[in-house]
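Next come the structures, one after another.
Two complexes, one shared chain (chain A), two partners (chain B, chain C).
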Partner chain A sequence: MASSSGNDDDLTIPRAAINKMIKETLPNVRVANDARELVVNCCTEFIHLISSEANEICNKSDKKTISPEHVINALESLGFASYITEVKDVLQECKSVALKRRKASSRLENLGIPEEELLRQQQELFAKVGFPEGQRCMTGCGGSEYTMADGDEESSIYV
Partner chain B sequence: MSQAKPDKDSQASEAKKAISLPISRVKLIMKSSPDVSSINQDALFLTTKATELFVQHLALTSFNNGSGREANTLDYSDLAKTAEETDTFHFLTDILPKKILAREYLKSLEQMEDEDADF
Partner chain C sequence: MPGQKKKYSVRFPPGRIKKIMQRDTEVGRIAMAVPVIIRALEMFLKSFLTKTCLITEAKRSNTVSVAHKQCIESEKLFHFLKDLAEGTTSTATQKDNRSLSSSSAY
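Coming up: the complex of A and B.
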């Protein structure tokens, strides 16, 4: 399927992704195979078109990296202004998803007690009840269970 | 105390709803364009989504304008026709060689051979 020459020009969007989109856009329509192949190639062409235009705009603006603004202006100047609103909305959504993910991971770190702290607390407890230092057992679920035979009583300590 | 919210799942499905084309592939294609150096991640999202909209737009327009509409089909000629007739899709005419009938091609081949034979 893929050519062994590794030619850049052979890069295309995977056929399956295109087929899925065509099916969702035109449900129940029979689409010829060569038409599907064509759409795949049109995609690549479109991406090159937008990239080149955005790149030109970028060069004119004295910036080195193509920014969202450059892409939006490219869409506008190439006659695809109708895409701009939806494209911007998706960008917002992607950003907020990424933000939520970052917030969620930092929240977890603050609520959970880091392992070093847990071990330290463990050592303290050992010292209190007379376990020799360095001995500890951790169960697989992250908690620790200790039993102490103290005369008549058997008590368990959970850390 | 425990957070039973399936954060990861809802985030993954949100992202899935937003963009269905593979962003990494789009990036590779963009970078294969001459002179393109670096692309901001957000600009990449925008381009990927724009490409999706393009596919939908092209398919719909071709179908609506094409001759296959009654038969509920979409074929090569519908797409070629749309590229010729619609301004925004005109850039596609480069990669859309007009298909000609085999016999016409053979005829033009014969003509060329005849011309060569005249030497």
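Coming up: the complex of A and C.
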């Protein structure tokens, strides 16, 4: 997503998201523009607060990557322990989604049959369809090139 | 209790949040931490907005404005917003000074 205006210094949560949040939390309440602006900036401040605390915890634990656990500990140490239960639920959800995705992709990989076998099957198929036995050569990047001589014509089929 | 979780319909942009986090040069790599931060942010906003609204009602005003940010002072949890709140006070005060001759409450 290309950002239209500004440098990194103007990085905030989109106003529309904040407006929606305000509407959801305080339906039927009027909120002045300056208050909305303050809320937007409070979000950024909150994110910095948590990130910086999580970062410190991460450094202390000798890890290079901030993990969700670090964030949870940060919430606790900053006094937001009441958020932890719900936050852990979200984490559980994310983990199970990630797990499902990994399972799905590994299932696809297992469908992969070794290349020799694939070529053999292909030869069989060609034979069935009635192509004469052709020369074959394997290219380095996993593809195969078949050159068939069929009377006057020569056609190459790239697989 | 039924397994129905409260779901906020608002979805904050994870990419943007990650960028905000990484504006702090100390912050390095982040793994799967953003959804956690998003949920914490939603909860924080809900709590902050609700408390601010209580002040608005207490002041018998029908519009939530920056004048109602006392919860930042009163709640220890929101003290990290003090500097930010100071910033809005000065602009609001400037506006007041321009429009009114008498001094407004600081």
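Just so it is clear, the second predicted complex is superposed on the first by the 89 of 159 C-alpha atoms of A that agree within 3 Å, B and C clash if a C-alpha of one lies under 4 Å from a C-alpha of the other, contacts with A are read in each partner's own complex, and residues count from 1 in each chain.
Quick note on the criterion: contacts are C-beta pairs under 8 Å (C-beta built on N, C-alpha and C of every residue); 3 or more make two chains touch, one makes a residue touch a chain.
Just so you know, these numbers come straight off a predicted model, no measurement behind them.
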(message) Quick check on the superposition: with chain A as the shared anchor, is it clash or fit for chain B versus chain C?
(response) clash
(request) Figure out whether A:Asn28 sits in contact with chain B (first) or chain C (second), or with both, or with neither. (result) first
(request) Considering only touches as defined above, state whether A:Arg101 meets chain B (first), chain C (second), both or neither. (result) first
(message) According to the stated criteria, A:Ile50 is in contact with first (chain B), second (chain C), both, or neither; which is it?
(response) both
(message) In the overlaid three-chain picture, which partner chain does A:Leu38 touch, first (chain B) or second (chain C), both, or neither?
(response) both
(message) Touch test for A:Arg15: chain B only (first), chain C only (second), both, or neither?
(response) neither
(request) Could you tell me which stretches of chain A are touched by chain B in one complex and by chain C in the other? (result) 8, 11-14, 17-18, 20-22, 25-26, 29-32, 34-35, 38-39, 41-52, 54-55, 64-68, 70-72, 75, 79-80, 83, 86-87, 90-91, 94-95
(request) Report the residues of chain B in contact with chain A in the complex, numbered from low to high. (result) 3, 7, 11, 14-15, 18-22, 25-26, 28-30, 32-40, 42-43, 45-47, 49-60, 63, 71-76, 78-79, 87-88, 91-92, 94-96
(message) Applying the document's contact rule, which stretches of chain A touch chain C when the two form their complex?
(response) 1, 8, 11-14, 17-18, 20-22, 24-26, 29-32, 34-35, 37-39, 41-52, 54-55, 58, 64-68, 70-72, 75, 79-80, 83, 86-87, 89-91, 94-95, 98
(message) Under the stated contact criterion, what part of chain A meets chain B in this complex?
(response) 8-9, 11-14, 17-18, 20-22, 25-26, 28-32, 34-35, 38-39, 41-52, 54-55, 64-68, 70-72, 75, 78-80, 83, 86-88, 90-91, 93-95, 97, 100-101, 104, 108
(request) Over in the complex, which chain C residues touch chain A? Could you list them? (result) 5, 8-13, 15-17, 19-21, 23-24, 26-33, 35-46, 48-50, 52-53, 56, 62-66, 68-69, 76-77, 80-81, 84-85, 88, 91-92
